[in-house]
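Scrolling down, you'll hit the structures one after another.
Look for subunit A in each of the two complexes below; its partner is subunit B in the first and subunit C in the second.
On to the complex of A and B.
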């Protein structure tokens, strides 16, 4: 039987979950969507962010405050990772996609193993006063452990997008993959522009990590389940369309919630791909991407 | 005297050598033409000066205000910050951002960004068309308009020297006139030092004080306006590689 309150709850849960997915995809939207570097380690970096947040919450720090504290160290981590990546590849005339994928796959394995060694492989969660509670609005029950992380996405995405679209350094980031030489001609070092962008992308991983560990408990290998979904979001939004990725992530979240409520919860991981295939058949450049 | 000197420069791509012992000089406030047919190495020479192609031998020295800098070991953005700017082959604009953003990007490097406003105003004053179209996405402009944008962009880095690679290539004759007028105007307005490559040389030599002919990767001849009217036939012969 189709009851309206199950439907409404599924939709609201989907919107909130989708918003969390958007946080997870944001960094990839920068590295892959804008810089065209297929950083499949991004979900693992998000998990590393979650463990960073977990560690600080053990000392009584609020997870969101912990994420803000993590911005600078994760930015620096991203800068170091990019420096390593470019030392390995770009100096030799650029990496091909397969080589980059291998490098980032290896990187995510290393991070996963380090996390397992440091934290063990059992699930970790954060306990904050508001996390067990729910907001009740008529027939809707919205748990705070979903609502609060969901609110992080629009804020972070807006901040990143304003930076990219309104500042000169943002313009340089948007330009570098299209016409690297235009940056050199402008007297800007393309390598340091990319390093900076990679740093920002990695910094968003700690925010996404906070969101992820608030939603539910986490283990070191949790990133693996997110890779397909975040790539689907970035590609479907259209490479480089950061605000579009929020819309796509929410569509995927709603579809997943409906599929698990009405069909079978075990099908929901396939939903993102079904939507990706359908979307790309209709608009190969992505839903919000410009034709190229 | 302020100048750029190139001495015995050789360069190429991998095993293919393109430039062989090229020597030339460019003095402050001069406009010099570099003439040569397709594939004789004009763009390679310019890309060497800007650091995009590495020299295998020879020197490129910027002598300016009593300071001598060898450019051959520097990266392109460092060379640009020293005051060389280029209007490159293929223009190399950022296609997906606006005219104004293309200009601002060039004006945002640490060496010049505190003068961004003045530099932008100067560009718009010199090229009113770009002011009108400042919100237009670069790739949606016509070839001639994009060429003007590429020239304007080269001003944003406050250059001592501008290097222009075949500004007229691919443009309709009437547009070519506009582009060359813009360059001439730039000369008259600010006495800019310019090195410009061309193969359709009629207009180029009219506005230049000297011309080098590059053939098969070497400087074949040098023509000076001070030696009298430059005969077109002689240039043509030199460009075809006759001695």
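On to the complex of A and C.
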């Protein structure tokens, strides 16, 4: 009986963890999945978002409110980042992958070091009244610090997905990835559409950051451990399939929770990558995407 | 081409001779301690460039290969007492096998996916090493290196000499790849993979060869490391700074020829050696990151391109 308890708890924890991972991957799903910009700095931007939330909570603001406040500055940050990126590459007729990956790699290092110079390299956490309490449902024990961030993810993902599929500017974002020239013929400026999309992607980082810092304490270099997970999620979901990413994220979350409760928690960082490598070898087009 | 090869050979012999004579010219062991790191990065940058520069497939996992070399040689030495040259050879072979495995899993898909998968290699290998208690796990293990041979003046000098040999051998290998049919094929892959495939270039096979050679050099660069530090632990063996430098150095020097990574490594590694002594290591990383961004943004051809040595050369 006891083992069933452990199994059930592991699965529920996995679902909630996966949901948090999905919100980490959401921004990358837009930049990499839709715009095909390999923004490996995204996890670091999430960590930057977490530190933004941390700073505001020090003044007694609730982390979720802090994240909502952060949307605007992070949107602007994304716009600036994209403007820099396009000033460097797009005028030369498109970036090659090597250069843009390296650019974002350098960028994430710079952000990490600035964070660690600004906040020190110790772990930082937020303290809110509901953190530390748990919801008990029969044999299940669900800590609120995991439940509340996990509920943030489906809400943001649904909002972004509705925006992308139901509004005109969302359609423009999906169109710019397909056929830039057709978009300019239709009278829209592809550069400004992409800038807007990049801004939205970066704005989701602050929400993901709030989720991350609620789940557990965080340090400036934490982004690096998430790179594998977020790319695994975006790639396996099939590039650009945002609802698919929630499903994949939950699968990865469950796999990690099972590995850490049955094997050893120290194995779990490798799980997402193992799934990614297998997925790439067996089904390169992703589970929910069309072949590219 | 023939004349160039003779010149290269002469240069290699001069560097090797200097490497062997150095300990008698300079007395302060610190120079060899620092010089080892510079040469280690020459090897790493050169190895990375075989795949990343010639074929245009970036590998973020250089630290994975390096760490595999470090741990393999530490394991072989402490368990079987294998001599250092055999440890290096074994590391190179395992590096090549790892390269082929990784390539086989990911190379059929293009560019970006490969790069992301290589990021994973480091995490997976680090996780595995963390969990093997025979390798010291997270707390690491001490390696009491072999006594340096009688002709050498001390351990620092001996390690330095070994690294000179590895570095020269790697650069020679990279140069051979560059001027042989492999290099021509890889340049075709870099220019347009589809066009190369259509013209009958065996792209997958060439990429696998490049992966194997690159992996072998990267792992060989790590093999003497346990004897240099006398202590190995997962965090330094799979350190991010290695993966970062492996990319930054060739990009700063120039990725199209074997000269680029050598210039980049000599410059950047020397600056870092001075910087770690004089300022903090965090600012050191910040500096590398900023230089990397600057070069990608404003001088994508690297230093060797800026100075026009290869300006006349047709872009592949």
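Some points to look at:
One rule holds for everything that comes next: the second predicted complex is superposed on the first by the 282 of 292 C-alpha atoms of A that agree within 3 Å, B and C clash if a C-alpha of one lies under 4 Å from a C-alpha of the other, contacts with A are read in each partner's own complex, and residues count from 1 in each chain.
One rule holds in what follows: a residue touches a chain if its C-beta (ideal position, glycine included) is under 8 Å from a C-beta of that chain, and two chains touch if they have at least 3 such contacts.
Keep in mind it's a predicted model, so treat the numbers as computed, not measured.
In the superposition on chain A, A:58 contacts neither subunit B nor subunit C. After overlaying the two complexes on the shared chain, residue contacts for A:102 are found with subunit C alone; subunit B is out of touch. When both complexes are overlaid on chain A, the residue A:182 reaches subunit B alone and has no touch with subunit C. Residue by residue along subunit A, subunit B and subunit C are tallied for touches, and C comes out ahead.
By the touch criterion stated above, A:277 is placed in contact with subunit C alone, subunit B being left untouched. In the overlay built on the shared chain, the residue A:171 is in contact with subunit B alone; subunit C does not reach it.
Looking at the complex, you find that subunit C touches subunit A at residues 52, 56, 58, 60, 105-106, 108-109, 111-113, 115-117, 119-121, 123-124, 126-128, 130-131, 138, 240, 244, 247-248, 251, 282-283, 285-286, 288-290, 292-293, 296-298, 300. Every residue of subunit A that touches subunit C in the complex is listed here, in rising order: 32, 38, 40, 88, 96-99, 101-103, 105-107, 109-110, 113-114, 116-117, 224-225, 227-228, 231-232, 235, 264, 266-267, 269-270, 272-274, 276-277, 280-281, 284.
Put simply, subunit A touches subunit B in their complex at residues 168-169, 171-172, 174-175, 178-179, 181-190, 290. Put simply, subunit B touches subunit A in their complex at residues 50-52, 75-77, 80-81, 85-86, 88, 92-97, 101-102, 104-109, 111-113, 153-154, 156-157.
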